[in-house]
Structures are given as C-alpha cells and as structure tokens.
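Consider the two complexes below, in which subunit A is the common component and subunit B and subunit C are the respective partners.
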Partner chain A sequence: METLLPRHLDEALAATAAHPEATILAGGTDLMVAVAYQALRPAVVIGIRRVPELQEWDGRFIGAGVTYSRLERGPFAALAQAARTVGSPQIRSAGTIGGNLGTASPAGDSLPFLAALDAEVLLRSQAAERALRWDEFITGPKRTALQPGELIVGARLPEAIPDRQAFAKIGTRTAMVIAIVSCCVLRWDDGTTRVALGSVGPTTVRPRAAETMISTERRPSSAALDEFARLVSAEVSPINDHRSTAAYRRHASGVLARRLLERVL
Partner chain B sequence: MTITKTPTVVAGGVGTSPIRPDGIPKVRGEFAYSSDLEVDGMLWGSTVRSPHARARIVSIDVAPALAIRGVAAALTIADVGGRGLFGLIEPDQPVLADGEVRFWGEPVAVVAADDRETARIAATAVVVHYEPLDPLTDPERAEELGETFRVLDITRGDPDARGEVVVEGYYEVGMQDQAQLGTESGLAIPDGSGGVDLHVSTQWLHVDHEQVVASLGLPPEQLRLHLAGIGGAFGAREDISLQIHLCLLALRTGRPVKMVYDRAESFVGHVHRHPARMWFRHEADRDGILRRVEARILLDGGAFASTSPAVLANAAYFAVGPYASESVTVHAAAARTNNPPCGAMRGFGAVQSCFGYEAQMDRLAAALGIDPVELRLRNALDREDRIATTGQVIVGSLPTRRVIEALRALPLPDEAPGDDPRRLPGGTGLTTSRAAVMRGVGFAVGIKNLAFSEAFDDFTEVRAELTADGIRIHTAAAEVGQGLVTVIQQIARTATGISNVEVVWDHTGEIGSAGSTSASRQTQMTGGATLRACEAVAAVALARADAESLDDEGAWRDDQLVMTLADLVAAGPIEHLERFRHPPTTPPDEHGNGDVHAGYAVAAHRAIVDVDPELGLVHVVRVDTAQDVGRVLNPQAVIGQIEGGIMQGVGLAIMEEIVIDRGVMKNASFTDYLLPTFLDAPDMTAVLIEEPDHWGPFGAKGVGEPPTISSTAAVVAAIRNATGRDLNRAPVRPEDIVGL
Partner chain C sequence: MIRLTINGVPHVVDPMGPESLLTTLRDRLGLFGSKNACEQGECGSCSVLLDGRLVCSCLVMAVDADGAAVTTVEGIADGETLHRVQEAMVNAGGVQCGFCTPGIVVAASHLLATTPSPTETDIREALAGNICRCTGYGAIVRALEPLAAES
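After this line comes the complex of A and B, so read on.
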C-alpha cells in the first residue's frame, strides 16, 4: 500500500491527479471499518488530514476536513445538534463533514441539514473546479458524482439561513446510534419551511409537498400540523432492515418532523 | 524474645471488599488477555466459514491457499485424526464441516500462515463449492418434524384441577448475544514430542481438554490446557470455538499457532441465548392462589446441540417461577434448525420462562383485581415448600417473601423527568420533550438453580498448600472477570487466619477439574473446596505446632508465637487436595419430577421507565432489586454482579437482539447489535437478603445469574404499565410500542 500525505491542497490535487483511483482518507471513521471488517485493501491512500485548506471554515464555506466536534461548536444549531449525535467523542474528533458527504450513506447525520439548505458540494481536481447541489452530488445510497481525480473541498451554504432550525434523530439507545430516522427542519420568518429526513430513502428525502403546504401556514393550526405530518409520512420511502421497519420509519418521520416544526414555530 | 499478639480479624477476609489482584492491571491496560499472547515464530490461524445457512459441500480445494507464500497449513475435516465431532453434552458438531454446512458461519476449513493478513488471504483462497439447500429456520416446523435436541414433559398433581380465573398468554424472547468484551482467542504451542500446550480463554479447562484430546486422537497427558487472561464470558466460552482448530494447526505445522476472532467472527463463533416461543395458561382461585399452570415452551437450539438439553430443562423446571402450584403440565422442546447454535448464556433458560410467567402473574393480578406484588406474595415459595414443576422439596434457603417485601419497602421515587435529554427517551437524539413522556413501574421475581443439575457429577478440585510466605491455592477454575480470585483469597484468609494468599492457576495436567465457571457455581464450588482444603491445612499446622491460631507470622498459642510459617513448612510439607461436591441431585422421573436441583436463589426487580409512546422510545430510569445471596462474601463484588446483570437484563428488554433472516445473521457488529451504554444505565439500589444456604461456604449462594433473570421482565412490565400495551416480546422494539 502506498500512502501519500499532502501538506497543501495543490499537493493533494497533484496526488489525486497522479493516482485518480486512490482512496481518500480523512477521519477514517468509515474507511477503517471497511478495512477492518470488509477487508478493504486500497493500493494507494491519500491522507488529507494535513491539508490546511480543507480545515477552513469561513462563514458559509465549511471545509471538507472540518470534524464533527468542530461542527458541534459551530453557529448552526441544527448542524451542531446533528454532529453531536454522531458516535462517541472520539469518533466526532476524527470524522469529517467531507467524509459524511463522500460516504453518502442515507443515514449520514450532517446530510439532512445540508439538504434542507440545498447546500452545494465543492469539488476540485487539478484541472477544474465545480459545484454540485447536494442532490446532484449524492446520486444514490453510498453513490456520488465524484469523479476520479476529484477531491471534495467542502460544502457551501446559502447566505440566508434561518435562526429557527432544529435536528433530531431516532435510535434505540441514548447515544451512539445509527439513525433509524433523522430529521432537520428550517423555518424562515416568512413561513418558508424546509424539511429533510435521513434513513428513510435511498438518499436524504425532501418532502416537497409537506414543505409547500406548511410554508403557506403562518400560524399552523393543529389540523395543519397533522396534515404536515401526514404529508411527510407519505413522501418518505423507507425500507425494512435489521434496524427498523418501513412502517415505523414512515410513522416516525411524520411525528419527528411535526415535533421539530413545533419547536421552531 | 516474646511476641505478643494483638487480636485482630484477618484483613481481607470474608465479608470485606479487598482490592482484587487483577483490578489495577486491567484498569491500566497491563493485564495480559489471551489475545495478547505471543511467542517467537508463531503462525496465525484463520477460519473459512460457511456463507450459507445450509448447503451440501460438493468440494473443497485448499491448494490455492497452500500456494500462497507464507501459508503453512490448510486443513479440512479430512485432516482431523481423532473424533470428528465435538459437543458439551453430546458430540454432534463437526470440528470442520463434514459434507454439509448446517448454519451460517459454520467452520469449513482452517489455515495457518506467517502473519495474520496472510492467514486471512489464505482463508479467502480456499475454494469451496457449495450446493445450497433449503434451510429449516422455523423452530415450530422443526418440532413437527421431530427435529429436537430434547423434549421434556412435566406433569404434577391433578390435571383436572381448575381455578375460577384463567389467563392465557403467548410470549417471545429474541436471541441475545453474550457480547463479552474479549473475543475468542488462544495460542497452541507444540511441545516437540507430539503433544501440545493450549493457552486459551475458556470457562472450563477440563471439559475443553476432554473434547480436544478426543478430536486430536492424543493420549490425555499429551495435551495441557492453560488458562489465559479472560475478558468476560457470560456463557459464550462454555463451548469449543477455536480450541481444536488451534491444536490441529500447531501439530500439523510443528509451530505455535495463534488465533483471535474479530467481533464479526465472534458473533458466529460462539453460541447465543435461545430465542423462545412460549404459551402459558394460569388458573387461580378468587384469592389469587394458583390452582393450575400449563406451559408450552419452544426454544430454538439452532444447528447443533451445545447445552440445549440443559437450557431446556431449566426453562421447563422454572415455568412456574418461584411460586407454588399443585397442578402443573409443561411441554418443552429444544428444536434443531439451521439457525446459529444456541447454548449457555447467563440465566440459562430461566430468563426466557421468567419473561412469560411474570407477564402472566401481572395478567392474573389484573384479572383478579389484586395488587400484582400482593399476588406474588400469596404464591411465593419458601424453604420446605415444593417446586411446582418437579415437586422437589426446597431444603436450602429460598426467602422469596423476604425478597419481595424488601424490594416493595424501598421508596418509590416520584421525581418527574427533567429536561436533560440524556435522561429522556430518545436520549441525545433530542426526539422527546418531557411533556411527551409516560411513566410506568414494573415488578418481577425470578428463580434460578445453583450449580449443575439432573444427577450431573458436579465437582471441583482445589489444592491448598502452606508455604513460608502464606497460603497457596491451586485451581483450574476459570477467573473470567467475575472476581473468583478475590473470593478464593478471602475464604482462605478467613479459614486460616493467614492474609497472604496466592492463587495459582494450574494446567489440566496438574490438578483435576474445577467444573465450569457457569451456573453461578464457582463461589460455592471452588469456594467450598477452598474452605475445606484450607481448614485441613490449618488443622495440620496447628497440630504440628500445638497452637491455637495462625497468622502471617506463624502459629500462636497463649498469645505467643510458637512456630513461624517457615519453621512449620521446614518440618514437612503441609497441603491438602480437596474434591468438593454439592448435595447429589437425581434425574427427572418419567413425569419430569425429582430432586433435580442442588439449590436455588431468588431475586426481584422493580423497574421505572419513561416512555415516549408516540415514537415508541424508552428510557429506563431505575431498576431496584432485592436478591437472595445466602451470605455476602464480598459486598463490592456482589453489587458488581448485580449492576452488570441488570444492565444485561435491560439490554434484552429494550435493545439487544441478534436479527436472523433465513438463517443469516444481519447485525454481527457492535454498530448494529446495540448494547446499553453508560447513558442507558438506570439508577439502581440493591438490598441483599442474607439467609444462609445449606451447602455454600459460610452459607453463600452464587450471585451471578439472578440479576438477569427478572430484570428483563420487570422493565417490560414497566413499559406495559406506562403504555397500556400487551407487549409480549423481548426486546420491545419502538414499533411494538407504537403498535405498527
């Protein structure tokens, strides 16, 4: 196994250009599980922890190397809460937002916040730079539009981010769980509401009909909240697996979205 | 010079909580576990496992593995020189699959190579051609087909007895994993003259020895088993895992061979708690006195027998729990399927039954309009009563009423949930505010037999020796982390007056069996043997010195030191080999009745839970307990067993389950098999009831299993109380509470 440890973004991009099929190692919280339990044996590994540009967090730009423990202390309440629910403190000190994007698990904890904001994912190769909206970047469960030679540089958030935001995640123990359902709700002062849910579809789900319906409700009645929950449940597409059932996930999606909305009203 | 003695009780004796000798090294990471063993020139072993729940093996080709540089051996069943089968009770499991694989993960071949990575690659290089067969995974279908390891029918009393009030129920318990922190591991070292030394983490060296020599085809003295450092057991180490494989590889290659399972392999490398399906019918008169109990219990034993016959017996014998009834019918069966094999786990069949009979007692209480705790008191067994199923008269202590009353007397905290998410359902996921929470309280009582049953010749050997420095205790008993080493020291101190006690773990060639570290038995068995051996040693020493007492300096008479320990030993060795047995038991007669048990312990648990009914999430707030312990030898160790056992019970109640789909395990990792964390640990208060038993040292009883018997039932009862739902299955899943 060849290991490259670039010290600057230019070096990192040169490394990915020279080894377009290389495996990128950031926090290693997903990759090392694959090494230990799926016998992944990459030929070339590019470790990007030492690349200072990827550690940057400048307003609306969050570098790919920003760890969950930094996100926990950041200014965005829902993202901070999402980061707080990731693994143990040790995992949060290692895992990064770029890794969460790169793995593209339907259960990725930072993804509902990024999806609710229609965040862009910034990608660079030696030849070019491009920005893809989150749903252009994540193309399926654990599938992305990342091309050989490209690096995830970070996520770019829109200027307008409401203060009223919340995130919650369902698991069957008090901490250290993979989401059975996760949900992020954002609400602007004009009523515009964005909702994103994890672990209830092949990628993060945006229940558009529910968003549209509730965005017109300035002071949603109890009946409107019920309808909102019903629409959320109708729009998710969960599966049965060893962690939960489709029926529970569908039910819990509506309950959780409604509770979060009530918290931000 | 005359030394005058100040009379003192020996430090660190029975009733105190001395620092355990392995405690500080474990906390500091300095304790050598079996996975830390290393020797120059050793090879690493790896196992080829079945990817099918059932398949015919068409062919196995190990040549591609042997062609890899650094690979020293690749073995199949054809390379097993001795008995091809092993098993704790009946040898029925192939050492390596023989013509057919019968469960997902069954060992098919083993390889050894210069390093762990090469061994892993070599295992993947073995080419096995399978022809998949339809697996039998439904235990009810298996019983219909007569595929059973044991069927036990118990009848007692008048089958036509009737009560005025009848409740029936169906219950299920899922498959729980022991999840011991140290995975299976060991090191086999060939001795150069055809024999082998195996260093391994196990619960019972001598029963491993029997099975390994049989499969190696060696004379017994050519195999020596040594106890290596053990990181927990809970039943997972009662069966053979890698013991035979390691010795086969070491003897074939002439080199030391080490194996360590990773967590995923550990999940398929040991047996689990039996999943259960249970039907009960309880009949009582208007006062709540049980008039008749009928039960049908079906355990899924998986592909091979392991301890299924004994687990089944426990489930059946305790189908009525710690309650009296003069009319009982139980039909119990352990089915043979193509699911992962099940066997020993803390509680050993008594956990499953308790989940059923305690739910029934609550139903009965509701049907009668009697307080559920009061109903239990009215039916509680005590000394001189008969066990409802077997009819055995209880000759030791069984203070069921005292246990229930002590627990009921504990104050029931009424503080409402606060806003700290760590103390709310949903936890740090922030799903739940306290306004969404419903509180519930549940009470359950459980009974467990102590030591081995049904006429098993259950014995323990201990050799005690006086040295110039103190007492040395030789044993082959497995210290699995439970603290046996400390209890042995305490008993030896109290028995002799000498505080300096060294415990030496002998190998199988040096001492006889200590029996299994299971069935809550070692404190009573190895502890009992230690007490007798030490009393014998002390008697010889006192006679030799014509003295009245001993301590670390020597023998004393009239407050004067008459002989030092060195002088005593110089006059000839003083030692005693004790083979200790508990009171004999009988096999069951044709009705399933008889004096099948050596003794009993009872415990009760009261759980308080907060539930978010809309999302089906649970936080266990408190689990208080009262436990019948006979006599407390080490208060801290007893509390440790109680807290850990309750945690294992909480896990089974709300999260721990191996999920099987068509024979395939879906969650063989700690990512997906969830264990309670410290944040899931409820507050606990424990009351220890001391009513000395008839045969343990100082009246002590084993304390390891009772904490897990009724804690699960109590937590689920509390969830029923909070939600009003029937909840007939453990673990309770969110969708069960929501009703989806």
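After this line comes the complex of A and C, so read on.
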C-alpha cells in the first residue's frame, strides 16, 4: 500500500491527480470500519488531515477537514447540535464534515442542516474547481458526483442564516446511534421555513409542500401545525430496516418536524 | 516506516497495509493496555490520545499517525504513582472485569484535563463512547464524581 500525506492543498491535488483512484482518508471513522469489516485493502491512500486549507472555517465556508468537535463549538446552533449527536467524543474528534458529505449516508447528521440551507459543496481537482448544490452532489444513498481526482474542499453556506434553527434526531440512546429519523428546521423572521430530514429517504429529504404551507403562517395555529406535520409525514419516503419501520419513521418525521418548529417559533 | 512517540518514547515501526494504530500498538509494540473489542469505534476500549485528541485507535490508520505523539493507558500513571482517575476507580470499585477500564481511564483523564470540574452529566456524556460490558456505569460515575469536586 502506497501512502501519501500531503501538507498543503496543492500537494494533495497533485496526489489525487497522480492517483485518481486513490482512497481518501480523513477521520477514518467510516474507512477503518470498511478495512476491519469489509476487508478493504486500498492500493493507494491519501491522508488529508494535515492539509491546512481543509481545516479552515471562515464564516460561511466550512473546510472539509473540520471535525464534529469543532462544529459542536461553532456559531450555528442546529449544526452544533447535530455534531453533538454524532457518535461519541472519540468519533467527534476524528470525523469530519467532508467525510459526512463524501460518505453520503442518508443518515449523515450534518446533512439536514446543509440541505435546509441549500449549501454548496466545493470540489477541487488539479485542473478545475466546481461548486455543486448539496442535492447535485449527493446523487443517491452513499453515492456522490465526486469524480476521480477530485477532493471535497468544503461546504459553502448562504449569507442569510436565521438565528431560529433547531436539530434533533431519534435513536435508541442519546449517544452512539445512527438516526432513525433526523430533522433540521430553520425559520426566518418573515415566516420562511425550511425543513430537512435524514434517514427517511435515499438522500436527505426536503418536504417542499410542508415548507410552502407553513411559510405563509406567521403565527401558526394548532390546526396549521397539525397540517404541517401531516404534510411532512406524507412527503418522506422511508424504508423498513433493522433500525426501524417505515411506518414509525413516517409518523416520527411529522412529530419531530412539528416539535422543532414549535421550538423556534 | 513511520515514527511515533508513544508515552514519550520514540518508536519506528512498519505497519502492514491499512492496519490500525491499535494493531500496531498491541501486535508490534506489545502495548496490550489498549483493548481490541469492536474494531468499529463503538466501544471505546481502545481509546488513546493522539496529539492530545481522544480517539479510538482502531479507527486510526497507523500510517496516518506518522509523526504523532500517542498516549496510551500505559502512559497515564506517573511511574509507580497511579493517576488520580486510576486511584479513584480502584477505591470506588469502578473496575469489574476490567476490559473497558483502560479506555475509561484514558477518556476520564482527558475529560479532567479539558473540563476541570465536570458535572455528572458531563461525565456521562464524556464516557458515552465507552461501553462497560459489566454495565458497571453507576460505580464508574461515582468513582469519578469526587474528582470533579476536588478540581
């Protein structure tokens, strides 16, 4: 196995250009499980945790190498709460937002926040740079538009981010769980509301009809909140698996979205 | 070949392929304090400090630790003098079968180093990634709580 440990972004991009099929290693929290349980034996590994450009967090740009531990202490309450629910302190000190994007699990905990904001994913290769909206980047469960030779550089958030934001997830215990349902709700002062849910579809789900309906309600009545929850439940597309049933996930999606909305009203 | 400083001692080792830092510590360097249980970051029994960060050594690719300073449970005591976390675990009966104890000791010592006066909630949250297969959590928390009060 060949290992490259670049110390600058240009070195990292030279490495990915020379080895376009290389395995990219950041926190290792997904990759090393594949090594242990799926006998993954990469021919070339590029370890990117020493690349300072990927550690940058400058306002609306969050570098791919920013760990959940840092996100927990950051200025965005919903993202901080999402980060706090990831794994354990050991996992959060290693795992990164770039890894969450690259793995593209439907249960990725940082993804509902990024989806609710229509964040962009910045990609670089030695030859080019491009920005894809989150739903152009994540194309399916554990599938992305990342091309050989490209690196995830980070996520770019829009300028307007409301203070009223919340995240929660449902699991069998508070720590160390993969979400059965996760949800992020953002609400602007003019009533505009964005909702994104994880683990209830092949990728993060934006329940557009529910968003549109509740965004026109400046002071939602109990009946309006009921209708909002009903629409959220109608718009998710969950499956049965070993963690939960589709029926539970559908019900819980509406309950969770409504509860979070009530917290930020 | 990679260079590691483990508990203050420099080592040069040659990990095989993508082997974990845990494998390197146990199988190449004979440091058996870090335990191998789940190999997927769920149980915390392999917890070490990597350049001061608390991590599961089973999730660290050894070659990616090149140049790092690693503290394992063997490096927590000061010679023959136990760390106060170790002392507290012994005195309060925080050890049952002992398999999770090294990970608990590393995680708890890291907690006290970063949060001098943790609450019971802080302690439980800090140890959320350390599974005790004897389910002896009550005694472990009771062992650690007085340390929070004294610091």
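The rule we apply is simple: the second predicted complex is superposed on the first by the 265 of 265 C-alpha atoms of A that agree within 3 Å, B and C clash if a C-alpha of one lies under 4 Å from a C-alpha of the other, contacts with A are read in each partner's own complex, and residues count from 1 in each chain.
As a working rule, a contact is a pair of C-beta atoms (placed from the backbone, for glycine too) under 8 Å apart; a residue touches a chain by one contact, two chains touch by 3 or more.
All values derive from a computational prediction rather than experimental measurement.
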item: Subunit B versus subunit C as contact partner of A:Ile178, first or second or both or neither; value: first
item: Subunit B versus subunit C as contact partner of A:Leu5, first or second or both or neither; value: second
item: Contacts of A:Thr139 with subunit B and subunit C, given as first, second, both or neither; value: neither
item: Which of subunit B and subunit C A:Ser244 touches, first, second, both or neither; value: first
item: Partner chain(s) touched by A:Ser125 [first = subunit B, second = subunit C, both, neither]; value: neither
item: First, second, both or neither for A:Gln55, with subunit B first and subunit C second; value: neither
item: Subunit B versus subunit C as contact partner of A:Tyr37, first or second or both or neither; value: both
item: Common interface positions of subunit A, toward subunit B and toward subunit C; value: 33, 36-37, 174-176
item: In the complex with subunit A, residue positions of subunit B that touch it; value: 120, 124, 262, 264, 422, 426-431, 433, 436, 614-617, 619, 654-655, 659, 661, 666-667, 669, 671-672, 674, 676-677, 679-680, 733-735, 738, 740
item: For the subunit A and subunit C complex, residues of the former touching the latter; value: 1, 3, 5, 25, 27-29, 31-33, 35-37, 40-42, 45, 47, 49, 69, 87-91, 93-94, 174-176
item: Complex contacts: residues of subunit A adjacent to subunit B; value: 33, 36-37, 39, 81, 84-85, 166-180, 182, 241-245, 247-248, 251-252, 255-256, 259
item: In the complex, subunit C residues that touch subunit A; value: 17-18, 20, 39-42, 44, 47, 53-56, 58-61, 63-64, 66, 107, 125-126, 128-130
